[in-house]
Structure formats: C-alpha cells, structure tokens
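When the chains are written out, they are named A, B and C in that same order, and each has its own residue count from 1.
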Amino acid sequence: MRRVYALQELAAPALLVIVAALLGTLVSVSTQTYFTDTLVKVAIVVALYVFIGNSGVLSFGHISFVALGAWTAGVLSVPASEKPAIMPNLAHFLLHRNVGNVASLVLAAIVGGIAAFVVGVPLMRLSGLAAGIATFAVLQITNNILQYEEKIGPGLNAFSSVPETTGLRQAALGALVCIVIAFAYARTRYGRLLRATREDDAAARAVGASVYRQRLIAFTLSGVLAGLAGGLYVHLLPVQANSLYLDLTFLTLAMLVVGGSSSLLGAVVGALAVSALDSWLSVAENGTSLFGWHVDLPSGTSEIVVGVLMAVVLILRPSGLTGGRELRLRLRLRPRPRPT
Amino acid sequence: MVDSLDVRYGGVHAVRDVSFSVAPGEIVGLIGPNGAGKSSTLHAIMGLAPATGSVRLGDAELVGRRPEDIARSGIALVPEGRRIFAELTVAQNLRLGLAGRQAHGGTKELYDGIHELFPIVHEFRNRQAGALSGGQQQQLAIARALVSEPEVLLLDEPSLGLAPSVVDVVFGALAAIKERGLAVLLVEQRAQRTVAAADRTHVLGGGELRLTLGPDDAADTEKLVGAYLS
Amino acid sequence: MTVTWQNLADGVGLGAIYALMAVGIGLVFGVLRLVNFAYGQLVMAGAFALALAAEWGWPVWAGIVLCFAVVLALSVAMDYLVFRPLRGHSPAVMLVATFAVAFLLQNIALLWFGSLGKIASSLSTLNRPWVISGVEIRKIAIVAVIVAAVCLFALNQLLERTEIGLHMRAASMDFGTSRMLGVRANRVISFAVIISGVLAAVVAVMLTVQSPLVTPDFALTDTIVVLAGVVVGGLNRPIPATLGGFLIGFATGVLGGALPTTQSQYLPTFVFVAVIVVLLVRPRGLFDFSRTVERV
C-alpha cells in the first residue's frame, strides 16, 4: 500500500507535465514555444527543489549550473563550420569537437554536477543568510566569467546556430527525467536524512546524519539536473549570458516559492502556474482577448505581476500554494500534527 | 494578579492553570525542578511567550500585549543570563532602562537611588559592560531593570553561576528593593535561600502549582526535598 | 598598471558613496535581520526623480527635494507593505522577498520610463575637474567625500548621543532584550528605515552626477558590489560595514580606472571570490574583533 501512495506522489507531477505537453500539441506553432519553454522551466525548478526543497537552505546560485550546462551543450553542438564566426576566440580543443544532441545533454548534466560539487565542497558548510549570499556570489562569478571568457563560448554574444532539437517532446522528456530523479532521490535514505535535517538539525545529527555530506549530495544532484535543463534551454533558443542571470534566477525562485518549495508537486505546480500566467501576460502585452474583452497590457506587466505574486505569497503563505504537501488520495485518519 | 495562566509551545503544555499574586513590598518565590514552568511563567507575564488566562497589574490586563508595552506599563524583568549589552558601556546599559520608564525628569535622584544599592554600577559607569565580572553584570542587570521604576520586578535565576559572596549581595539588594515598596517575583534554583528570603514561595512541578511554603519552612529540609519530589 | 591621482580620487569618491550605501543596508539589517536587496532600487527611484525634475526644468534644489521625497515615501511604503509583514520569518524568506521587491521595482521603472532611460543633468557641472597643484581631480570626488563624511559624522552623533540612537544600537545587538526593556520595536524599525532612505537619496544625488544616464537597472551593480563589501566588512556592525563598503568602492574605483580592460572586466569575479572566502573563514566579517573584549 505504501508503494502505491508513493507512486501517487510521482504520478501527480508527471501527469501535469504530460498534460501540459499534450495541450501544447493542440495549439499553433508560435504558441507552442511557450509550452516548450514552460517545460524547460519545470526542469529548472525541479532542480532547484532537489536542493532547496529537501535541505531548506536557500540558493541563488543554481542558474550558474543552468548556464554552464547551456554553455557545454552549446559549444559542443554548434556546427564546426559556424564556430569561427560565432566564437572566434574559442579554445583550440573545442573548435573541432562536436557531439550529438543526446550526448550534449548528458555532458551538460555532467558539467553541471561537477560544478555544483566543486562549489558545494566549501559552500555547504553555510546556511541561512550566509548560504544565500555565497550562492549569489557564485552566480555573479559565473556570469562574469561566461560574459568575458571567449575561449569557452560566445562571450557577450548569443548562442546562435545551436540545432533547435528541444521541441515539445524533448522538453517534456527532460522535465520528466528531472521529476523521476528528484522523486527517486527523495525516497532514498539520503533524501530522507536531508529532509530530517531540514526539520530538526539537532535530531538529525543525533541519528548520525552528516548535514554537510547530505547537503553536498543534494547540491551536486541538483547541479546535474540544472545542467541538463541548461542543455535543453540552449537547444531551444539562442541564449546569452545575461538571459541566464538575475531575471531567470528570480523567475525560477518565484515559481518554487509560489508552488511551495518543500514538495515536488509544489515545484511543478509553481512552474506551470507562474509560466502560464507569465506567458498569458506576455501575449496580452501584444493585445489579446479574454472572454470577449480586449486586453492590451503595457509591456513589462508580466514581470510586475509575477513580482507582486511572489511577494504576496511569501508574506501571506510562505509554504506556497500547495502548502508544501504532496498529493495523496486518501482520507486523513490521524489528526494533522500541530505545527511547532 | 496571575490568574489561571496557561502557556503552550506547540504541543508542549508548559504552564497549566497557575494562579498567584504578589503585593507591593512583598517577595514571592517560585521554585521547582528544571522544566517545571518557572521561566515560562515569567515569559508569559512579560509577553514573551504565548499565554492564555489573565495577568493583571492593578486593573490593567497584560495578556496579549507586546513586551515593550508591558515593560512600559510598570513591569521589569531581569532575564536569565542577565542579557546585558556587552558592547555598550555600563552607563548606556542603564540608560536603556529608561525606555520602560513612564515618568520624565528626576533622573538624577533615580540614578542616585540605584547607585546607593549598587555602587559598582557608578564606579564602572564608563567601562564596557562586557568587561564586567558575572556578579557585576548581574548587579547591572538588576539596576537596569530598576531604572524603569517598575511596580513589579521579575527576576529569572539571578544567582545562577555566581560565587556565594555575590549571591549574598544579590539577595541583600532584593531585601532593600522590597523595602522600597516594589513587588518582587523571584524565580530561583536555590530553594532554601529563596524560601528564607521570600514572604511566600510557590513550588512548581510539571507546569502546575504544587505547594506553597512560608519563610519558616526554610529550615525544614525534609519538607523542601519532599516538595521537589512530589 | 599605472595609478594616477585621478584614479585615486575616483576611488576615494566611489568608496565614500559605497560607504553610505553600506550604512544604509547595515542599519536596516541591524534592526530587522533583513538584507535589503531592493536598496539599489530606492537609489534608482531617486535618480529618476532627479532626471524628471531636470526634464521639467525644475531648479536643482527642487529636484533634490523631489528625490528625497520619492525615496523616503518608497522606503516607508516598503517598510509597511513588506518588511513588517515579514518580521519573524526566516532570513532566507526575507532575502527572497526583498529580491522580489527589487525585481518588481525595476520592472515598474521599465514600464514607466522604458529601457533607454533619462538624463539627470542638473548637477553635471560637478563632473568638471578642479586643478590642485597641477593635478586634475573631478569635483564630484571631493564633494562625495565631504558629503559622506558629514553624513557619517551626523549619524554617529545620532547613534551615540540620542535616546532613539541608543535604542537602535541596542536593538541591533539584541532585539528581544531591547523590547523587554521597553524599546518600541516599530519606532526603532521605522527610524532605521527612514535614515536608510535618507542615505539612499543622498547616494542617488551623487551617483547621478557620476553617471547622469538613469536606466531601470541604475545602481543595481553598485548595490550588488556594496552588498559584497558589507558582508566582507561585517554585516551587523556599523563601522565594519562602512569600512567594507568604502574599501570595495575604493578598490573598484582605482582598479577599474587603472587596470587594462582585459583584466578589469574580471573585477567582479575577484570581488565575489573574496566574499565567499570571507564567509567561509570569517563569517562575522573581516573587521569584527568583538570577541576579543578583555575582562577586568
């Protein structure tokens, strides 16, 4: 019975992603891009959830790993004939290396994981405010290096000419892979120990959990998923260093917070809900109609609405829309434990 | 003035239906083993812990009010661990006590009265408070509470970690404070000294009032031990 | 690398401005334990006020008054709408929330003023150099140092001499005990927020002299660098935070001017590596020596 309930926790977010993908097949090609983009965001937010959700420690740094994943997959996917034009200063050993679509995604995930591990070794000792600021520093450093280091990428230019393999199907598969891995991790001993440290540091130590090691494992794994998501992203549209920086950090954190950072379902619901709102508002900025009303919003409205939404959720309902709970279809026989 | 007070932290019921009162010019002791609810009672009075029931000062109801308002209405707490501001000078620590005072002016007389009780507070006024010894810090903490000219003085384990000679100073000061007409509520671990110094001493156990002792019971060791074990 | 007098003067000038921002961030952190990511957006709002005043042809003083009015109004609004409801939440939640506010304000500015920005030119004469014994130094560098010194001195007097200043210092050391003594939490917080807003307005005036083009991301980078400086110096203590802000501004100003572009473009990397190292090695900040108080 327990396993059945557990699978429900996987099924709900996975189904949401599949439904979103199927809906995407019904709309026009131009609208489909929004759905594809949304599914990549789901992957990023799930990566965030693996660390932030399970550990309760804040990270502003995950978009670094997304960016590194994008750079890895991008550099290895731009056709060799185009490389000198887009990346004239590229390091010699990268000039002629090219791999296929799937291999580039796998390598993106690996690079994301390695980077997260390297960053995590010193940083996972920190928590609270210090962790927030240190991971923010990581984001600054990554952005600074990617912008100016032209040996490893296009620098300030956009990553054009990357084969656009991330369609609806690849995005949905990528998001599902992230969800399954996140689910599986949460069910392992490591995931449970880490969540125990989130609830009560002292108690977790008492049963022998090394907070540091558990956090490092989660951080590395979430780096892997973030790298994968970055790979998906660069195959979707020509990204540049500044499109994988503060704005995306803000948007994905908003998604996690709005959905409820401590559950997988929350991460997915948040990503889908905020994306839907964001996409609709972006369309409305160019004029659209809703229930027969003509709507024409000034450009920038979507960011403002998302910003307000995030602040309001943080103030009024810090546990997010889903309240941080997984969906389980059963009656509550025991009274809910009182929050302490 | 404390009537059927209850304090719950989440699922923990720390204080259950406790009632007692303290009159001006009176010391009331509160003793009991660790976790009996002594500090929780003080925190509840001060508005630092979520409480139900009633705490009255004169006619004013205090439950549900903010700690700063309770402090300004005439109750001062000398907290456990003294909580002086180590990086401020002794004089600045004292000045902070004025935050809870309602009257204006007359600070000279106020300080004189306090210096009489605790000469070291005057002597070391320009020193960093963190550089004082534990006993001196305790005297400063009590002096700081008195600066607000409270009607009621609450003390949370003032003798904790102090040398016996300093404990004498603290208890001596309490007697003098009582003489000045303040109502004193004293939470202590040192049962015998407390029972001897107080007009009444309530024994708390498991969050409930178990027993009330008078000053004459101080010599009765058996009764004291029994009170703890009950 | 050759450091000129102009480089040094620019470094000191920028350091002075950053020191003020550091104090503004540090004061609010002291009483609320909240790192206000949106501080730069207060400066940005003030800068837009100056630019609009210039556009409307207002006299300089009126522009500065408008700048102060806008920044203070926004500070107080932030306090009531965001900071107060968030009080008692975890530091991480508060950090994310002010991050959201920063993003929100920046996008409101984008919506109103567009990404091209406006020019705040009324004080641009201060950008001209003074020649002091053969060395050219821009006036704004000197003005910035003087203004910052005056502000810091006034603030120091306020914290040392007045009752509310003492309450603020106590609250930033131990909020709970301060309230227990009768220090009124809301008053202390409002006061810190207002002073922090005043400093943001002063910074807005001086930064617009240095770079008159005001865009929605005005002062964003500066705020991020100052945050780094404040953390390196020591968040919770006014003097270390100020020092940290000054040093990082000085270093950025001097190195930014003196290093060739191929090197100076990596300045942020060095700055933020330093932040991480300090967080790991001296989490209370470089200049925090408070644990070494001797006992008598």
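Please note the rule applied: a contact is a pair of C-beta atoms (placed from the backbone, for glycine too) under 8 Å apart; a residue touches a chain by one contact, two chains touch by 3 or more.
Everything numeric here is computed off the predicted structure, so don't read it as measured data.
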{"item": "Reference subunit B; chain at largest CA-centroid distance", "value": "A"}
{"item": "Highest-count interface - the chain pair sharing the most C-beta contacts", "value": "A-C"}
{"item": "Chain occupying the middle, per Cα centroid", "value": "C"}
{"item": "Distance between the centres, which are taken as Cα means, of subunit C and subunit B, whole angstrom", "value": "42"}
{"item": "Length of the line joining the C-alpha centres of subunit A and subunit C, rounded to whole Å", "value": "32"}
{"item": "Centroid distance [mean C-alpha coordinates] between subunit B and subunit A, Å", "value": "53"}
{"item": "In the complex with subunit C, residue positions of subunit A that touch it", "value": "57-58, 60, 122-123, 125-126, 128-134, 136-138, 140-141, 144-145, 147-148, 246-247, 250, 253-254, 257, 298-301, 303-304, 307-308, 310-311, 314-316, 318"}
{"item": "Subunit A contact footprint on subunit C (complex, rising order)", "value": "33, 35, 82, 85-86, 89-93, 95-97, 99-101, 103-104, 107-108, 110-111, 224, 227-228, 231, 235, 265-266, 268-269, 271-273, 275-276, 279-280, 283"}
{"item": "In the complex with subunit C, residue positions of subunit B that touch it", "value": "46, 48, 66-68, 71-72, 76-77, 79, 83, 85-88, 92, 95-101, 124, 127-128, 130-133, 144, 148"}
{"item": "Contacting residues of subunit C [partner subunit B, same complex]", "value": "163, 166-167, 169-170, 173-174, 176-185, 290, 293-296"}
